[in-house]
């Protein structure tokens, strides 16, 4: 039998709080999604001004980071034509997102969820996702 | 040019707070989704114990209520075999949800968004959605 | 070799004009779609106040009427559980619409397109679709 | 509560009229779609000779431009392999279109809708979409 660690809704809210603070700091409103370690959505916020097309992208970034167990920016580099991983972006009914801004949430060396941000550039999205994680690691109970 | 009113993220959070309180009151953890008046997700919470299959259902209930402009329980009664509306549940790529628990959010006679709840019975889901709306109408700023 | 008659964009606009007039007459704003005889969209109008969920439904009603060659209200009666046609509403990736309001457009005994209306009751939708056809048959060039 | 500006059907028709005139001027019949600021279709015309495959493309260009808030030709340049945005064309169930010819419609600094054209080259499609916007900004009421 396996024993799994998983973000609670309370944990997810701390991640959202941290990401939202970072989003305000850099001045780019975001769609922010938090999934559990199985890639299923726990919590989502579209800040006023977040893009409609980023709803899907943020959720899929969190899904991908949690389940493929890497930052989505890493897959961005791996999934170029000619590389052996090219094509992975078409898998999972198009839900495998290879744009930066999705990060696994790791506690005690275990992936317990994912966070995905979208609306800015991939770099901005990643900064906001990391902001959520940094805040979470300091404030989780 | 049309002028439209739409829930803000702050509004959506008040709806989530009210629905979550009602959910605790009846003892059934829920997936709770809030969309804008165009059916696009603003905020989502899966309470600890909310069903994974209810993520999609809650989001689609909120979408349907906002965009088809009725409680989803009304469509449940209208969409039985032999009735003229039967089949509507297959529309919108399966996103048209006819299970009770989705309600339009109305302010000053205008639909400004939708709320959808799922995990309990359709009746419980509807009670929680209504709890969110009641709380919102009292506490919105 | 086959020779096919097909609505032009000019024809489609006459259908839209007639349907819109009928829609105003009964006081229910509509989504109105016109397809060619192959079920492909030629023209679409969402009147101010038409439902967002009715975009898909109107287009699919026109598609179904043109390609399945009957009013969608006829399929509504044929597709009840226990009847031999039950299940047809799941075909064509859910695009086969069995709610009244879709009618084939017939010229000289040939189906040259389809019209689909949605937002009101199935009965209202059908009245508006028929209004479009009646106007078209009088005013086409 | 947010307050949003949105194209009316009358506005959408002015956009279609302008785009159609430009399309005739360059001699390439087009599929032309206009969505509201939330990406939902308001009006669509397939000119005689417009491609069937361009129905979907025109609608998705308008959706993308309105909701991702850039011309689709900009995403075309941003979404090349090796760039951080590569993969965005797989998002939103394939509806995120990165072919030129989709433009946001901006009034008083606010995006109030999107226009998408398809059938010609991406450059021709963009010229026709821009023609619709130029005409709209001169003739809207």
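For this structure, a couple of remarks:
We call the chains A, B, C and D, going by the order they appear; numbering starts again at 1 in every chain.
By definition in this document, contacts are C-beta pairs under 8 Å (C-beta built on N, C-alpha and C of every residue); 3 or more make two chains touch, one makes a residue touch a chain.
Keep in mind that this is a model prediction, so the values were computed, not measured.
Of all residue numbers used at the contact between chain B and chain C, under half are used by both chains, marking a mostly different-residue interface.
Look at where the CA atoms of chain B average out and do the same for chain C: the two points lie 30 Å apart.
Distance from the chain A centre to the chain C centre is 43 Å, each centre being the mean of its Cα atoms. In this assembly, the C-alpha centroid of chain C lies 25 Å from the C-alpha centroid of chain D. In chain A, the positions touching at least two other chains are 48, 52. Viewed as a network of touching protein chains, the structure does not reduce to a path, ring, star or complete graph. Residue ranges on chain A touching chain B, taken from their complex, read 8-9, 38, 40-48, 52, 55. By the touch criterion given at the top, residues 48, 51-54, 56-57, 60, 73, 76, 79-81, 89-90, 94, 97-100, 121-123 of chain A touch chain D in their complex. Those residues of chain D lying in contact with chain B across their complex are 1-8, 11, 36, 38-40, 107, 112, 140.
Those residues of chain B lying in contact with chain C across their complex are 2, 38-39, 64, 66-69, 81-82, 84-88, 90-94, 96.
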